[in-house]
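Okay, so chain A shows up in both of these, paired with chain B first and chain C after.
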Partner chain A sequence: MATERFDAIIVGGGPAGSAAAYTMAKAGLNVVLIERGEFPGAKNIFGGVLYRKQLEDIIPEFWKEAPLERRVVEQRMWLMGKDSVVTMGHRNEAFKEPANAWTGLRVKFDQWFASKAEQAGSLNIYETVVTDLLREGDRVVGVRTDREEGDLYANVVVVADGVNSLLGKQLGVHHEWQPDQVSLAVKEVIAMPKEKIMDRFNLEGDEGVTTEFIGQLGGMAGLGFMYTNQETISFGVGVMVSDLKRTKIRPYDLIENVKQHPMIRKMLQGGESKEYAAHLIPEGGFHAIPPLSGNGWVICGDAAQLVNFVHREGTNLAMTSGKYAADAIIEAHAKGDFSKDGLAGYDRRVRESFIHKDLKKYQGLHGLLNDIDPKLFDRLPAALNDAAYQMLLIDGLSKAEKQKAAIRGLREAAGGTANLVKLGIKGWRAING
Partner chain B sequence: MSNIAEKLYTIRYKVDENSHLIIKDQDVCLHCETKECQFFCPAEVYQWHDEEKMTSVAFENCVECGTCRIGCPHYNIEWVYPKGGYGITYKFG
Partner chain C sequence: MHIVVCVKQVPDSREIRIDPNTNTLVRQGVPAIVNYYDLHGLEEALRFKDEMGAEVTVVSMGPPSADKALKQCISMGADRAVLVSDRAFAGADTLATSYVVGITVQKVAEEFGPVDVVFCGKQTLDGDTGQVGPGVACRLDYEQLTYVEKVVELSDKDKSITVHRHLEDGIEVVKTKLPVVVTVLTELNKPRRASLPGVINASRYKPIVWSTNDFSDIDRSKIGLKGSPTIVSKTWVPEPRKIDTKILEGDNATVVASELIEQLWSTELPTRLGW
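And then the complex of A and B:
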């Protein structure tokens, strides 16, 4: 490998790394991007929603060339009972022009994004694992790879190695994630004829629908998703690792169980599963965010826990943090100062942006989700389903009696009035505080 | 597609000769009460064998998620990525 010195080394060809590499290469910096997969995206999965705004700020009109699946015009939320569902949702033509978000698949998208960085002048190296950070005193000065003579040197290393971030741990900026700070998601990509998808989800042209579901999922509390692509459906379930440990339900059994829910079974019927995948999602929230820069290094994206799990936003935070890191490195380059002070522009940009504000807004939520009895995730949606069923069932009981019973059911599900009120207040504070 | 073997069959693997996952101490597994790696791993990599008193590691099935590194109550699994270019390659992602 080349022994030349780079302005920056970027570790990881996900959205954070590619955004950083693209931005710096475009500004004329000499950068190298290192990815362990056969190609960028080879190791990566996500649910599937890509947002317009943050990528547009990096590559204007990217949608004219990027591999995207469907334009999201409707978002549905399903609260699941055992054999029932309470549905909510919003569809709006205004989500079309300009598009708010698209569904996508990472193998195609990550390759495209990394190729944009390459075209801008980044040297991209694949099939190479960064095993160590090289240091001189308290500065990071380069990386060691698993290639022969694979040491590379640079003024700054951009750590964008995703949720497992072994390099972040080496830096000592964060410790091992706790089982209640990460979720494991299992996903399948299910092929279905285009016409069937369009009929079933009520779509025209390149319109798409996202469905999230929460509640009783195959015997445990979890969140699921079902997103329409052109000719496939992305389907998956995420559960906290601490819950997996507790319930001892196998992840692959879980996803099969969830598929048997009558609502879901009918949506997926006739489809053929083309790929199984599993990946962690950081859910530690605001308080799990490590320091973002130091002498000769910055850390971006999932590696820095920059994920808004309440709104399943991750790629956009990753891209924006990668861009901000790049902007700060470009400044540091002009000043010739790559110390923590010299790179502080990155921390400042993140602090002043939607990333910090959004994650801060939900800071109480992680604690809240851990605080309350996990069974509530089963019981509350179940009680809601029961209430809906009773209210809609015509069986001779008066509406007043039905209302009373419904409220009683919800109260019991929460473990008494006091708990229901506490939960309401805490939840409200967590989101609006 | 219901069982795990069929599911893993959908993923393309390039298998290294050496395992990237190592049980640090089989004695710790022997005394581990839950042996829960057998449950939480999404690729059925770990299996406890009563007679041999050991946890076997089918590293060639690993989907590189990281759950076992975080989930093993005794942090008894040494976890690194497969060598560059080895391991899983997704088709869709």
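And then the complex of A and C:
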């Protein structure tokens, strides 16, 4: 029993681990997935949006069985002033068929995804913590768990143990995060009667709306979100840990303050907070991505810092990287070569894929966010709100004067014309460079 | 030596809520666990597996999803698990349940060898009656030992068991002959954490499932809702007791403390305590 050797051990039952386990099990490999939580998803949170494309590549027509909440037909962006908001958004019936994205709850989704892997033949074990990697020379040959007789051997270990990757640290590819490399997402799931949600967000059937907002986050660089589920609303904010440290605002107080904003309060009132969770999100960007494979191991998902922090795509990248890792291991299995060279197919796939291209495209952005004064996250949306207010207020001033005042306001918020222009250029470069 | 352990999958009472409108338990979203009294029975059985090579069979009555509870028992070291599952069993009270568990133990004895000891938890977390264990003993016509907090000796040679029963007025030391039904308290032992090979073994294990059709001479009038004379006429949530609470304020801890002592002395409490 103890001497049983697996083709692969997957550490972590999140989307990266489940995608890897599912793909390999389907190809007939003997795999075991080890999850520390009581069940998959017990320790996970995500904002709550799941895109069709990447999961469809792994499980065709998954939406017919996966526990999803609502089809996203409208995306809103709110630029917040102190007691005001400038809204932008797009709603389109075309997002319904085929659906572009769904809102979802990780607790349900992860359980389902892991059960798919199990049905495909993966051996899933829970409440078991992997404490160490087992090595022979420069090769990883298995894992040590916190259970009795807890050593397990395999040709490859797939490290998908999340943002604080303990094993990544042991491999030396993952260092303690610096406060400016991670953001903290705090999230509440707020229960509300279905009818109320549908009326408030103007929804029909399983339609859903995502709202993201900038500004009024206590002077921090970050983003807020509000997603409609069936009978709950996922609400939260993500801010840089370095900003929390600087402002000494506690995450819980931050989310409570944000909820008091009149625009948000009115959307959430009457709801009952059901869950509160906080999770680190790696935001180090392209430059923080470690080597993705070595002798007898690969690393996927959050553990590998594969998050496109401009878009909310942690879950997507996690699943896709898990699948790529699995594809590479299946190849290595056929060749019988589990060395760094044998597993190089994984690195190649990631680098050829959208993951790498997207992360590379936005590589300057992380630096930009760090460079610019976080107060701008409040000041610029606020100036925009002032401008909108002035333009719409009928008080006898001419439109020309109002326009001038609006531009002046924005310029001042940015700290002068030179800064505004510089910011524009930097931003453009960061995204298009 | 063949030991049977009866287990029940129950909603985790640490996470139970009561719907204020219907006064019933909200079971949705509440994780299911093995009734923890039963786990102590299993641990004791496994102790005798380790010590004297006893064979351990776990039985449970419940929906198909209860196989998760049985797999947990296998991961800890049980040799086999039987799930008795059928829609016809649904709605059973303790009378019907003990009938079904009784015929299940009988069938286990017929198929896998005579049973010497049946361990049950003292009670379940969701039902709290403590009736099923003794009910099973009566139907099987086995000896019964309830509220057992220690098994002193289990002898294969003279087919006897000696235990400590925890009673209200003390501890009773009892020796009796096998076969016996033992209902256990949590003081008995500390359930083990499954080893990794155990968990892997359990993950591959498929419990044996018996439905009504697998019992040749089952009396259908004694099972499920039909076999359950218990009627739940009303359930309610007890009113929370109202306690008069005062918050004392003062400039510093000393002031608050002396104020508190003064107020305590002015109540009837010191007299009642004979101070």
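Criterion: the second predicted complex is superposed on the first by the 426 of 433 C-alpha atoms of A that agree within 3 Å, B and C clash if a C-alpha of one lies under 4 Å from a C-alpha of the other, contacts with A are read in each partner's own complex, and residues count from 1 in each chain.
Throughout what follows, a residue touches a chain if its C-beta (ideal position, glycine included) is under 8 Å from a C-beta of that chain, and two chains touch if they have at least 3 such contacts.
Just so it is clear, the model here is predicted, and its values are computed rather than measured.
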(request) Please tell me, clash or fit, for chain B and chain C sharing chain A in the overlay. (result) fit
(message) Between chain B and chain C, whom does A:E352 touch in the aligned arrangement: first, second, both, or neither?
(response) neither
(request) Figure out whether A:T145 sits in contact with chain B (first) or chain C (second), or with both, or with neither. (result) both
(request) May I ask you to decide whether A:E136 touches chain B, chain C, both, or neither, giving the answer as first, second, both or neither? (result) neither
(request) Give the label of whichever partner, chain B or chain C, reaches more residues of chain A. (result) B
(message) On the A-aligned overlay, A:L166 touches which partner chain: chain B = first, chain C = second, or both, or neither?
(response) first
(request) For A:E4, decide between first (touching chain B), second (touching chain C), both and neither. (result) second
(request) Using the touch definition from the top, say if A:T128 reaches chain B (first), chain C (second), both or neither. (result) both
(message) On the A-aligned overlay, A:E38 touches which partner chain: chain B = first, chain C = second, or both, or neither?
(response) both
(request) In the overlay, answer first, second, both or neither for which of chain B and chain C A:D57 touches. (result) neither
(message) Once chain A of both complexes is superposed, is A:D199 in touch with chain B (first), chain C (second), both, or neither?
(response) neither
(request) Report the closest approach of chain B and chain C over their C-alpha atoms in the superposed model, as a whole number of Å. (result) 7
(message) Shared contact residues on chain A, chain B side and chain C side combined as an intersection?
(response) 38, 128, 145, 147
(message) For a test of understanding, state which residues of chain A touch chain C in their complex under the given definition.
(response) 1-2, 4, 32, 38, 123-125, 128, 145, 147-152
(request) Would you tell me which residues of chain B are touching chain A in their complex? (result) 1-4, 7-8, 10-11, 14, 34, 36, 39-44, 63-67, 69-71, 73, 75, 80-85, 87-93
(request) Give every residue of chain C touching chain A within the complex, in rising order. (result) 31, 193-201, 203-204
(message) Using the touch definition from the top, list the residues of chain A that touch chain B in their complex.
(response) 36-38, 41-46, 105-110, 126-129, 131, 145-147, 163-164, 166, 176-179, 182, 184, 186, 188-189, 232, 241, 244-245, 248-252, 256, 272-280
